[in-house]
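See the structures that follow.
One chain, chain A, appears in both complexes that follow, with chain B as partner in the first and chain C in the second.
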Partner chain A sequence: MAVKLSNVSKKYGKEFSLKNVSLTFETGKIYGLLGPNGSGKSTTLKMIAGLVYPNSGKVEVGNEEVSRKISKNVAYLTELDMFYPGFTVANMVDYYATQFTDFDSVKAEELLKEMKLEREKKIKQLSKGTRGRLKLVLALSRNAPVLLLDEPFSGLDPMVRDSIVKSLLSYINFDLQTMIIATHEIDEIEPLLDEAIVIFHGNIIGQKNVEELREEEGLSVLDWFKDTAKNMEAKMNG
Partner chain B sequence: MTKEFQASKPIYIQIADHLSSQIVRGEIRPGEKLPSVREMAIVSGVNPNTVQRTYSEMERMGIVETKRGQGTFVTQNEEIVDSLKTQLQREIIDRFVQSMRGLGLSEEDITEGLKQYLRGEQDGR
Partner chain C sequence: MLAFQGLLKKDFHISKNWFFLWIGFLALFLILPFALEVYFHQPLSFLPIAVIMLLGFHVFFLPGMLLSMLRLEGKTQLWLYNPQNSKLLILSKIVISIAYQLIAQLFITCVGLVIYLFFKDLFILDKADLFIELTTLNAGLVLISLYFSLWCFFYWTVYHSLGKYPKMKNWRWLFVFVLFILLSLISSFLESIDVLQDILTKWKIPVIMGASFKYSHAGYTLGLNTMNLPVLTLVLYVAISVGLFVISCLLLDRKVEV
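Then we have the complex of A and B:
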């Protein structure tokens, strides 16, 4: 399902978190939303998820203007912990199944196995990395047309990252789903991406097709990101 | 086994190069079926659209053929495999010679250096 932001601005107090942002995300593609901490990545995802509203401009998922109810079409992996510590892994999966009609319990079981999560373990007994894997299981088990992942790799070791990349590839439905990954860990996800978007102080300062970037400019996403960010810094200081 | 990719070269080409050398070495036989786009994407840890592009590019070069509903197969045409081998060989020599010239070595130096190296490699066994 396509996602569209048109001239979106969001202020927290006097500070702009997003400034007149327009973006389109197409079905069947994986997007990387890249930027340093505090650049507006999370705000963008929260707006698509209907958790934050813009001060001006319009956010649409499918052809529907986003409200709280958009959670029916949008699966959102937050960077925060959102678990009840007393729940077991199995409780959490069951809870999710009651909240979302598109929750696929068969897929959830497969993912639990792949991510080596034990059903009977209590959330409070899990390490940060294990909780990160559980969040991913819950997000990927939904057959939602839009998948938003906010820093899915934070706190995970390299081996786990590899297996997560594989799970992402195995479980996305490229005919129906759009995936947006916000991260500052660019190296990990570069080969996964169709398009990379650089966001800096609430401004979109670049959007590129990853393979075209390599083909036409001989740059990896990381190289390009560094160049773009450096130019931006120079402009702001000059 | 997620592969590491070079920064400056398109990923679809790097995958095509890898498959081509496997075909030339005979690790993938003429007529053999390649993994599906999805399988290949998962094994390499890359976007399926990238693998799709790899397969299209290799099809354009005549190295593989896509049969509707069946998948992608390595060509049975040995001439194509042979010319692929020649081409890969040329590319490697090209890079080698470029780097040697970059060091300011003459044609004689290069051939002599190579001969010595190969001899040394034999003696080493």
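Then we have the complex of A and C:
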């Protein structure tokens, strides 16, 4: 299912979080939305998930204009602490299973084992990293056509990051799912990406096919990101 | 149905501790006057008053419980990341809160009945059908508290709808307060129009709207007050409640952001 942003702007007071952004995310591809903190990555994902509305422009998932109900087609991993105090891992998994018809409980059990999460453990007893893994379990257990991951590696140690990248590869349906990962930790996700998009102060300042970038320009995503951001900063400073 | 069950289960989980705390508080508030009565050898000096007070206080229970759940959800607003209708999301919280309130009221009513059974001779009841009267009283309390809850829900959604405007963010409470005053003034103005009042109070039905205690040498006189409730006013309150619910859900869907 394709995702389309057409001339989308979002303002918080006088500040633009997104400025006239037009983007298309095609089915079956993995996109990296890259940029420093406060660049508009999270706002973009929240908009696609129907949790934030644009001041102008249009956001569509499939051919449906995004509203709150779009969450039926969009699996979203948030950077925020989404868990309820007093809930166990099992409570949270069971709750998701009742709310999302595409939630695959068998897949969830496999992922819980893989991520070394105990069902009966209270969430408040989990470390930040383990909570992050639970968020991934909840998002990846859905067979939603669009998968949004906002800072999926936040708080995770490097060993865990590697295993998560492997999990992402094995639990995604590449024919049917569109995946967008917003992060400023580019190294980890580079092997996953088909396309990289750089967002800076609410503007899209670059978009590249990762394979072409490597083969034609001989650059890694991280190098290209650094160059693009540096050029933009130089332009802004005059 | 499965989705609603899931919501109910979730809302029960996030609120059960507050409910048990409330039941504990009720028990304590009933034990204290009982202990005083035993100490001073003055049976029924404090306990019946405590029972009636606590029962009446439940008009604030449902709004309080609903707001405490909304306060928790409002921290991130990620409860809105859900394909269910916002009406269903809030309905689940209301159902759970009503269930709690009914249990709490039943508990107090039972304590009242036990007191009555033990000291039957000291009570002079001026109503024959105690069961129906108590049921009506309890149902009335729930309905009044539900009405208050819907107002609270409305103000809560207005408050959070303003959250996306940074300039207003720190002054949201003032906006809500001004709105409250404005709506109260409009309501008072409408109430002062005689023609409107005449229409609204034309048809009446008798209902139990509260209880009163009188103490005399003969003992306690428990009076369950009957009031003539105007039907059209009742219809108006139902319409206001539905309107508040619909407007709040629309705000929740379209204006409250994560």
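Just so we're on the same page, the second predicted complex is superposed on the first by the 238 of 238 C-alpha atoms of A that agree within 3 Å, B and C clash if a C-alpha of one lies under 4 Å from a C-alpha of the other, contacts with A are read in each partner's own complex, and residues count from 1 in each chain.
Definition applied: a residue touches a chain if its C-beta (ideal position, glycine included) is under 8 Å from a C-beta of that chain, and two chains touch if they have at least 3 such contacts.
Quantities reported herein were computed from a predicted structural model and do not represent experimental measurements.
Asker: Overlaying the two complexes on chain A, which is it for chain B and chain C: clash or fit?
Answerer: Fit: chain B and chain C sit side by side once superposed on chain A.
Asker: Pick one for A:Glu215: touches chain B only (first), chain C only (second), both, or neither.
Answerer: In the superposed model, A:Glu215 contacts chain B only, not chain C.
Asker: Examine A:Val165 and indicate which partner it touches, taking first as chain B and second as chain C; both and neither are also allowed.
Answerer: first
Asker: After superposing on chain A, what angle in degrees do the C-alpha centres of chain B and chain C form at the C-alpha centre of chain A, to the nearest 10?
Answerer: Between the chain B and chain C centres, as viewed from chain A, the angle is 160 degrees.
Asker: For A:Lys116, using the defined touch cut-off, is the partner it touches chain B, chain C, both, or neither? Pick first, second, both or neither.
Answerer: It touches nothing on chain B or chain C.
Asker: Looking at the overlay, what does A:Lys58 touch: chain B (first), chain C (second), both, or neither?
Answerer: A:Lys58 sits against neither chain B nor chain C.
Asker: Applying the touch criterion given at the start, work out whether A:Lys226 contacts chain B, chain C, both or neither, answering first, second, both or neither.
Answerer: neither
Asker: In the overlaid three-chain picture, which partner chain does A:Ile30 touch, first (chain B) or second (chain C), both, or neither?
Answerer: first
Asker: In the overlay, work out which of chain B or chain C sits against more residues of chain A.
Answerer: C
Asker: A:Lys128 contacts which: chain B (first), chain C (second), both, neither?
Answerer: So A:Lys128 meets neither chain B nor chain C here.
Asker: Just the number, please: smallest Cα separation between chain B and chain C in the overlaid arrangement, in Å.
Answerer: For chain B and chain C in the superposition, the minimum C-alpha gap reads 29 Å.
Asker: State the interface residues of chain A toward chain C in the complex, per the touch definition above.
Answerer: Residue positions touching the partner: 12-13, 15, 46, 49-53, 67-69, 71-72, 76, 78, 80-82, 84-87, 91, 94-95, 97-101.
Asker: Using the touch rule from the top, collect the residues of chain A that touch chain B in their complex.
Answerer: Residues in contact with chain B: 28-30, 162, 165-166, 169-170, 174, 190-194, 210-211, 214-215, 218-220, 222-223.
Asker: Under the definition above, what is the set of chain B residues touching chain A in their complex?
Answerer: Of all residues in chain B, those touching chain A are 2, 5, 7-12, 38, 41-42, 44-50, 53.
Asker: Write out the stretch or stretches of chain C touching chain A in their complex.
Answerer: 2-3, 5-7, 9-10, 13-14, 17, 72, 76-78, 80-84, 86, 164-167, 253-254, 257-258
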